[in-house]
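Here the structure comes first, spelled out in C-alpha cells, and everything after it is commentary.
Think of it as A, B, C, D, E and F in the order they're written, each chain with its own count starting at 1.
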Amino acid sequence: MSINTIGEYFGVFLILIGSIMAVISAIGILRLPDVYTRSHAATKSSTLAVLLSLLGTFIYFWASENFISVRLLLGITFVFLTAPVSGHLITRAAYRSNVKLADSSTEDALEDILRNKKDV
Amino acid sequence: MIDTILTIALSLFILAIILALYRIIRGPSMPDRVVALDMIGVNLISGVAVFSVVLSTHAFLEVILIVGILAFISTLALARFVERGDIVEHKHDR
Amino acid sequence: MYLLILAILIPFIATALIPLIHKRIGAFHIGWFVLLVPLALFLIFIMQIPAISNGETLIQAVNWIPSIGINFTVYLDGLSLIMALLITGMGSLVVLYSIYYLSSSDSFPHFYAYLLLFMGAMLGVVLSDNLLVLYVFWELTSISSFLLIAFWYHRKNSRYGAQKSLLITVFGGFGMLAGFLMLHSMTGTFSIRETAAVVGQYTDHALFYPAMFLVLLGAFTKSAQFPFHIWLPDAMEAPTPVSAYLHSATMVKAGLYLVARFTPIFGGTAEWFWTITIVGLITLFWGAFCAVRQTDLKALLAYSTISQLGLIMSLLGLGSAALHFGDGEQGALYGLAIFAALFHMVNHSTFKGALFMVVGIVDHQVGTRDIRRLGGLMAFLPITFTFAVIGSFSMAGLPLLNGFLSKEMFFTASVNAVSLPIFGVSTWGLLIPIIAWTASVFTFVYCMIFVFRTFFGAPQLKKLDRKPVEPSIGMLISPAILCVLIVGLFFAPNLLGDHLLKPALHGIIPGISGAAPHISAWHGFNTELFMTLGIIVVGTLLFLTFRSWYKIYLIQPAGWNFTVLYNSLLQDLKRAANWITTHYMTGHLPAYFAYIFVFFIAAAGGALISTGALSIDLTADSPITTYEGMLIAVMAIAAISIPFAKSRLTAILLNGVLGFSIAIFFVLFRAPDLALTQLVIETVTTVLFLLCFNFLPEWKTEDSSKRIKIRNAVIAIAAGVIVTLIGLTVNSGRLFESISGYFEDSYELAGGDNIVNAILGDFRAFDTMLESLVLFIAGLGVYTLIRLKHGKGPGKDEH
Amino acid sequence: MNINDVILKTVSKGAVLIILTFGIYLFLSGHNQPGGGFIGGLVIASAFVLMFLSYDSETVSDALPIDFKKLSAFGVLLAMLSGIAPMFFGGAFLAQSFGYFNLPIFGKTELATVTVFEAGIALTVVGVVVNIILSISEDE
Amino acid sequence: MNNILVLPMLLPIVVGVLLIFLRTYGRIQAWISIAAMVVTAGTSIYLLHTVQADGILRLDFGGWEPPFGILFVADSFSVLLVLTASIVTAVCLSYALISTSKELQTMYFYPTVLFLAAGVNGSFLTGDLFNLFVCFEVMLLSSYVLLTLGNSKRQLREAIKYVSINIVSSWFFLVALAYLYGTLGTLNMAHAAERVAEVGQTPLLTTISLVFLVVFSLKAGLLLYFWLPGSYSSPPIVTSALFGALLTKVGVYALFRIFSLIFYHQPEITHTIIGIMAGLTLIGGSLGAIAFNDIRSIAAYNVVIAVGFMLVGLAIATPEAIEGSIYYLIHDMVAKALLFLLVGTMITLSGSSKMAGMSGLMKNYPLLGWSFFIAMLSLAGIPPLSGFIGKVLISSAAIDSGSYVLLALALLSSIFVLYSLLRIFKNCFWGETIVSKEEQLPLRRGVLLPCLALVVLTIGIGLGVEGLSLYVTDAAETLLNPSTYINAVLGIIQ
Amino acid sequence: MESLIIILVGVLTTVAIYLVLSKNVVRVILGTAILSHAVHLLILAMGGLKQGTVPLLGEEAEIYVDALPQALILTAIVISFAVTAFILVLAYRAYQELETDNLGAMRGSDDE
C-alpha cells in the first residue's frame, strides 16, 4: 500500500466520518426542542461535518493526483469564517422575532437587558 | 471499496438533507426553517465535494465555494427578513 | 383611346379638385363647376349612341394587378350605355337642382365631393368588365351613399339611416364578392364577358348555384328588394337631390343592372327565374302596399321606389326564361320582359326623379313633407303641381305618359308568363299577373294620394312654417326637363327602344334575334288594357274609401316588421355579444390560465392519444444510483410541500431548497457551469423575493371554493401528466443524434476547453448577447417601475 | 432599537474580498474551466448583494459611485461591439478569434477576443443585478 | 458575407443602448430613434431587392455553419415583414415625438421601443428555433416595460396578467423546444425541417407540433387571446399602436414559418386544428368587437379578428391563401397602427375612452375623422384599400379548397369589423358637437402627420398591389416549397 | 434515470401549474419560478443523460455529456431570472397602487 493509497483511504475515511456527523446533526435538528438548541446542531456539528468532508476531499485529491486545490482551501476558510456568523444571525433573529424558548429552558439571560433598552 | 464508501457517504449527506427538509416543512417557527436551510446548504457543500471525488474531477470545486458563499448570503438575507422584514436597510432608519 | 376609363376617372379627379377650387372661387357657387362634369360625360356617352346602336361594343383595358388577373377593363355595350346615360344625365339635372336646393349653411364642397365620388363609382360599376373592379366600385357607391345619407350627420336619423344602408349594402356586397370569387373559382377568369362565354360548361358545378344566390344577395340588397328593402326609407334622410339621384334613379338600379348583366351567365335556370321573379313580385306588392299608408311624402316615394324596383326585378326574372329557349319565337316572346324591364328602368328614373324634385320643392318652399299638414298647394305652386301630376300619373301607368307603355308591357309579360311551359310555372303561374295587378292597384292609390292630398283640398296654412310660393326658376328646370321626357317618351318610345334598348337586350340575351320588340301605345283591346282599366276603377274606389279600409294596416302588429327586426337584431346581437364576451373574458387571470392549460391538455393530450404517438420504452435509460434517487425525492417533497405552505417565507425556503437541489442535480449530471449559475441565480432570486416581500402582504390561504381547488388540481395534474408522457415518449423514441458532437472540437474551433462556454461565447454567442440584452431590459423595467410613480413624477435622477 | 452588527460587518469585509477575487477568477477561467462572463458577473454581483445585506443601501451607494444602469448599458455595448468589430475585418458578425502569444512573464498565453465579449456580459450582469437591488431597496 | 442582414436587429439595439446615455434629451432621443428605424427600413428594402436577385440570404453568426451556429435567414416573407415593421415603428415613433410626455421620454421610452423593434425584426429573421425564443424574449421584455411605462393602475393590473400569461407561454416554448431537441437533436429550423422530412412526420412529431401551436397561438392571440384586449387597451397610445401592429404578427409569422417549413406533413391534423381555431377566433373577436362601448376595447378586439383572418390563410395553405395572408399581414400592421393611433388621439382629445363621452368630433377635427373613416374601410376590407386584396385572395382560396365555413366566417367577420368601427365613427365623429370651437383642444399638426402617413400607406398598398406582388408571390412560393429554404440554409456556403 | 427525471418534471409542473392557477399574485410568481425549474430539468433530460464526463476538454475523456442543452439551459436560466425579477417588482408595485394581491380583485373589465 503506497502512501498515496493510504492518503486516499484517509480522505475517504474523513468523508465518511463527516457524513455520519451530518446525519447526527440532522437528527439533532429534528429532535432538539427549540430553535436555539437546534441551531447548535446546525452550526456546530454541521460545520464540523462539512469541514471534515472538505478536508477529506482535499486530502484525497492531494494523495491521488498530487493536486492541491486552492479553491478547496478557500472554501474551507470561507465556511469556517461564515458558519458562526450565520448561526449568530439566525438565533438573534429568532430571539428578536419573539420565538419562544423551549419549555425546558431555565433562564432567558437577555430578557432584562433588552427589555430595559426597549423602555429607553 | 472507496466507491462504496463514497456512495454511502453521499447517501448519508442527502439523508441529512431530507431530515432537514422535514424541519423546513414542519417549522414551527421561521428561524427553525432558516436554520434547517442553512444546514442543507452546508450538507450540499459536502455532497458536491464527495461527488467530485466520485467522478475524480476538479470541475466542481468552484461549486463548493459558491455554495458556501451563497448559503451564507441566503441565510443572512433570511435572518434579516425574519428579524426586520426589510433586508436592506436605510441609513435614516437607524 | 382610353375615353371610357377617363370617363370613370374624371369624377374622381374632380372630387380631388373640389377643395382646391372651393378655396379660390369665394362666393361663386361651386355647383356650377361640378355641373360641367356630368354634362361633359353625358355628351361623351351620347356620342357613343350611334356606334352602340349598330351593335358595336367598346373595350378598353389598363392593367391594375395583372398577377392575379384583376385588370381595369371597361366595356361599353347597350346596357352599360343606358346606365351611363342615366347616371350622367340624371347627374346633371340633380346637380343643377341642388344648386338651388341646398341652403347656404350646408357644406357644398362635401356635398359635391360625395356626389362626384358616387358618380365616378357608379360609372365604374356599369362600365367595368372585371368582376373585382366592379366590386370595388360597387362598394364605393355604398360608401358615397353612406356619406350622402349622413350629410346632415348631426341628425340622429341621418346617422341611423346611413349606418343601416351601409351595413345592409356592404353585407350584400360581401356576399356578392364571395359569389364572384366562386365564379372565378369555376371559370378561372374575372372577366364578365369571358365568364358568360364559358359558363355553360359549369352549370353542373357544385358552386354554380351558391355563386348565383350570393350574387343575387348583392343585387337584392343594393336594389332594396324584400326583405332588404328596409334601408331605403331611412336613406331618405339624405338631402332630396340625393334621394332623387342615388335612391331612385341610379344607385338602387345597380342591383338591377347586376341582375341584367348576369342574366347571360345564370339565366335560363329555374332557380334564377323563380328567385328573381318571386322576390321581385313580393317587393312590388309590399312596397306598393306600404307606400299607401305613409304620411311623409319622401317615405311614400321611397316605398314606391321599392315597389317599382321590385317590378323591374320581376320583369328581369320573367325575361330570363327566354334564355332557356334561345333563338326563336318563344325566346322573343319572353325576352320582351327584359325589354320592358329596361324600358321601365329608364321611365322610372324620369318620373321618380321628377317626383322627388317636386317633393324637394314642396319641402323647400313649405317647410314640411308631412301629408297631414299639406293640402291645397295647387293654388300656390301651380307649376310644381303640374310636374307632380305628370310624374305620378306616369307612375300610376296612365296613358299619354311613358309609364303607361312600360306598365302595359309589364302586364303583357306577366300574362305571357302564365303560359310558360317550363320551370313548373303552370301550377302557380296564374298568381304572377294577379299579384302584378293587385300591386298596381295600390300603386295607383298612392299616386293619387301623392297628388290629391298634397295639392288639393283645403290649404292648412296655419300648420305651415311659411307661406308657400313657387321656387326660383333654377329649381324648376330639372323637373321640367324630366316631365318633357316623360311625355316625349310616350310619343316617341322607339327612339329610345331602337337605339338603346335593343342593343342592350342583345347584350343580355345574346341568342335573341329576329322579332325585335317594338313599342306601340295602342295594342287593341287586350287583356293588358282591361287590366289597366280595372286598376283605374278599383284604384279610384279604394282612394275614395281609403279611410274605411285603412284598418287593414293595423293587422300587422307594430313590432312585426323588418325594421324592428333589424334594430332588435343589432341590439340583441350587441347584448348577446356583451353577455358572451364578459362571461369568458372575465379579466380573471386564473380563469385565463385554466383555459390555456385546458387547451394544451386537449390539443397535445388529444394528439398524443389519438395519433397513437404514445410509446414508452425505459430500456435505454441510464442506471440510477441511490443518492440520485434520494435527491429526486428531496426535490419532489420540497415541490409538493410548496402549495401547502402556510406562509410565503416557507414557500420561498422550499423553493430555495428546490433550486439548490437542482443545482446539485446539475452537478450530478456533469454540468458545473449550470450548477454555478443556478446557485447564484437561485440565491439572488431569493433575495429579490425577500426584498419584495417587504412591500407585499403575507399570503392568505386560498379562499377559493373546494370545487375550484379540485378543478385546478385536476387541470394541473392532467397537464403534468401530459408533459411527462410526451417527455417519456420522446425519451423512448429519439430519431436523430444531436448535432452537439460538433462542439466537442471546441478547442480547435474556438480555442476553449470548456465546451459549454465555447457554445455560449462563440458558437451561439448571439443568444448570449441577446440574453444579456434581455437582462438589461429587465433592469430598465424594474427601474422605471419603481421610479415612475403615478402622479409623482420621476424620482431623483442619478445618484 | 440599535442592533449591533459589528460581527457581521467584519466578516463581510473579508467575505466580499474573497467573493470578488473568486468572481474575477471565474470570469477569467471561463474559457477552459467552469465560469465565464455570466457566472463571473453573477458572483461579483452577489458580492455586492452581500454588501447591501451587511451595510445599508446608502453606504454602499456612496462607496460605489457608479451609475449601474450605465454600467450595464456599457456592458451590452461592449459585447455588441466585440461582435461588430470583425465585420470591419471582413468577418461575419460575432466572429471571434483567438491566438497564442508568448508574453514575457506569462509564457505562452491564449488571447481571445471572446474575452472582450465575456467582459461585456459580465458588466451587464453586475450592472443589472445591482441596479435591480438598488432600485428596490431605495423604494420608499 | 451578408453582414448587412443583422442590421435590422443590431441597429435598433445599438442605438437603443446608446440612447441610455442620452437619457435627459427627450427630443434628440426621438429623432435618433426615428432615424435608426428609417435606416432599418432602408436596409430592408435593399435586402428585399437582394433576395429577389440572389435568392435567400443567410448570415452565419461567427462564421459557424448551420446547423451548428446561429444564423439569420432572409427570404421575401421575413424581409417584407421586417420592412413593414420598421416603417410602422418609425411612424409610431414620430407620433411619440409629440404625444409622449417628457416623463416617459426620460424613462427610457425610446430605447425600449427600439429594443421591441429589434426583437420583432430578430424574430422575423432568425433561422434558429432557440434563437427565436430569445428574440421573443427580447420583444416580450420590452413589451412588459412599455406596457407598464406610466404605471397607471389599469396598466399595472393588466400588466400582471399579460406578463404572467407570457411567462407561461414562454415556458411552453421551452418545453416544445426540449421535446424537439430530444427527438430531432437539432435547433436549426432548416435542419429540423430536413430531418422531419427525412423520417416523415411521426405521430410524436405531430404532438410536438401541437405544443408549438399552443405557444405561438398564445403569442399570436389565436384562440388563446385572453390577454390581448386588456393589455392592448391600457398603455399609452404609441405603445398600444406598436403592440397592435407588431406583437401578434410575430406569433403569426412563427405559426406560418413552423407549420409551412417543419410541420407541414400532416395538414389534416395540424392545419385542421388551425382552421378551427381561426374560425373560433373570428367569432370571438367579432363578438368582442361589438360588445363594448369603450373604443380601446373595440380596437383591441379588432386585432383578434385580424389574427383569425390571417390564420384562415394558413389553414387553407394554398399558394393563393398564403399570398393573401401575407398581404393581409402587411396591411394589418399598417392599418392597426393607424387605428390605434387614431383611437388614442380621440381619447386624448375628448378625455374619455367611452363612446358616450365623445360626439361630433368631425366638426372640429375633420382630418382626423377622415383618417378614421379610411382606416375603418381599410380594415373592413373595402376596396381599393390595403385590406381588400388579402381578403379577396384568402376568400378565393377558401372557395377553391372548399372551406366554406371559414369563408363565411371570414366575410362575416368583415361585417363585424365594419359595424364595430362604424359605431365609433357614427357616435364619436358624427352627431352634435359637444365641445364648442373655443373649448376644443388644439390638435397639433405633428400628431396627425404620422396618421396621414399611414393613411397614404394603406391607400398606396391597396392601389399598388402589383408593385408588391412580385415579392409576395416569391414569399408564398418559398413558404410552400420548404426545400428552397432548406437548401439555402444547409447548402453550400455562399 | 431519464424517465425518473421526466416524472419529476411532471411533478414539478403539476405543482407549478396548481400554483399558477391560484388567485394570489405571489403564488402565481412562485409557480412560474417552479415552471422554469421544471423545464430546465426537462431540457437536460431531453439532451440525454449519457454517462459521459464533464464537458471540459481538459478532462481527457472519450465521451462528454451533451453540452448544447447545458448552454441552452444557461441562457434560459438567465432569462427566467430577468423575467422573475421584473414580475416580482411589478407585483409589489401593483400592490402599492391597487392595494390588493388578489387576482380576483384585479379583474377590471373591457368596458370601463
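Keep in mind that, in the parts below, contacts are C-beta pairs under 8 Å (C-beta built on N, C-alpha and C of every residue); 3 or more make two chains touch, one makes a residue touch a chain.
All values reported here derive from a predicted model rather than from experimental measurement.
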| item | value |
| --- | --- |
| Centre-most chain, if every chain is reduced to its averaged C-alpha atoms | E |
| Whole-Å separation of chain centres (CA-atom averages), subunit E against subunit F | 27 |
| Separation of mean Cα positions, subunit E and subunit B [Å, integer] | 47 |
| Separation of mean Cα positions, subunit D and subunit C [Å, integer] | 63 |
| Chain centre separation in whole Å, for subunit C relative to subunit B (CA means) | 70 |
| Numbers and ranges of subunit D residues touching at least 2 other chains | 3, 8, 15, 18, 22, 26, 32-35, 38, 43, 46, 49, 53, 69, 73, 76, 80, 83, 93-94, 96, 128, 132-133, 135-138 |
| Overlap residues in subunit F, where contacts from two or more other chains coincide | 20, 25, 28, 42, 45-48, 53-54, 56-58, 68-69, 74-75, 78-79, 82-83, 85-86, 89-91, 93, 97, 103, 106, 108, 110-111 |
| Touching two or more other chains - residue numbers and ranges from subunit A | 74, 78, 82, 85, 89, 92 |
| Every chain pair meeting the contact rule | A-B, A-D, B-C, B-D, B-F, C-D, C-E, C-F, D-E, D-F, E-F |
| Complex interface listing, subunit B residues touching subunit A | 2, 5-6, 8-10, 12-13, 15-17, 19-20, 22-23, 29-32, 34-36, 38-39, 42-43, 45-46, 49-50, 52-53, 56, 58, 61-62, 64-65, 68-69, 71-72, 75-76, 78-80, 82-83 |
| Subunit D-facing residues of subunit B, complex | 59-60, 62-63, 65-66, 69-70, 72-73, 76-77, 80, 83, 87-91, 93-94 |
| In the complex with subunit B, residue positions of subunit D that touch it | 2-3, 8, 15, 18-19, 22, 26, 33-35, 43, 46, 49-50, 52-54, 56-59, 133, 136-138 |
| Subunit D-facing residues of subunit F, complex | 56-58, 74, 78, 82, 85, 89 |
| Subunit C to subunit F touching residues, read off their complex | 578, 581-582, 585-590, 593-594, 597, 616, 618, 620-624, 628-629, 632, 635-636, 639-640, 642-643, 648, 651-652, 655, 658-659, 662, 665-666, 669-674, 677-678, 681, 684-685, 688-689, 692-693, 695-697, 699-700, 702-704, 712-713, 715-717, 719-721, 723-724, 727-728, 730-731, 734, 738-740, 743-744, 746-747, 753-756, 759-760, 764, 767-768, 771, 774-775, 777-779, 781-782, 785-786, 790 |
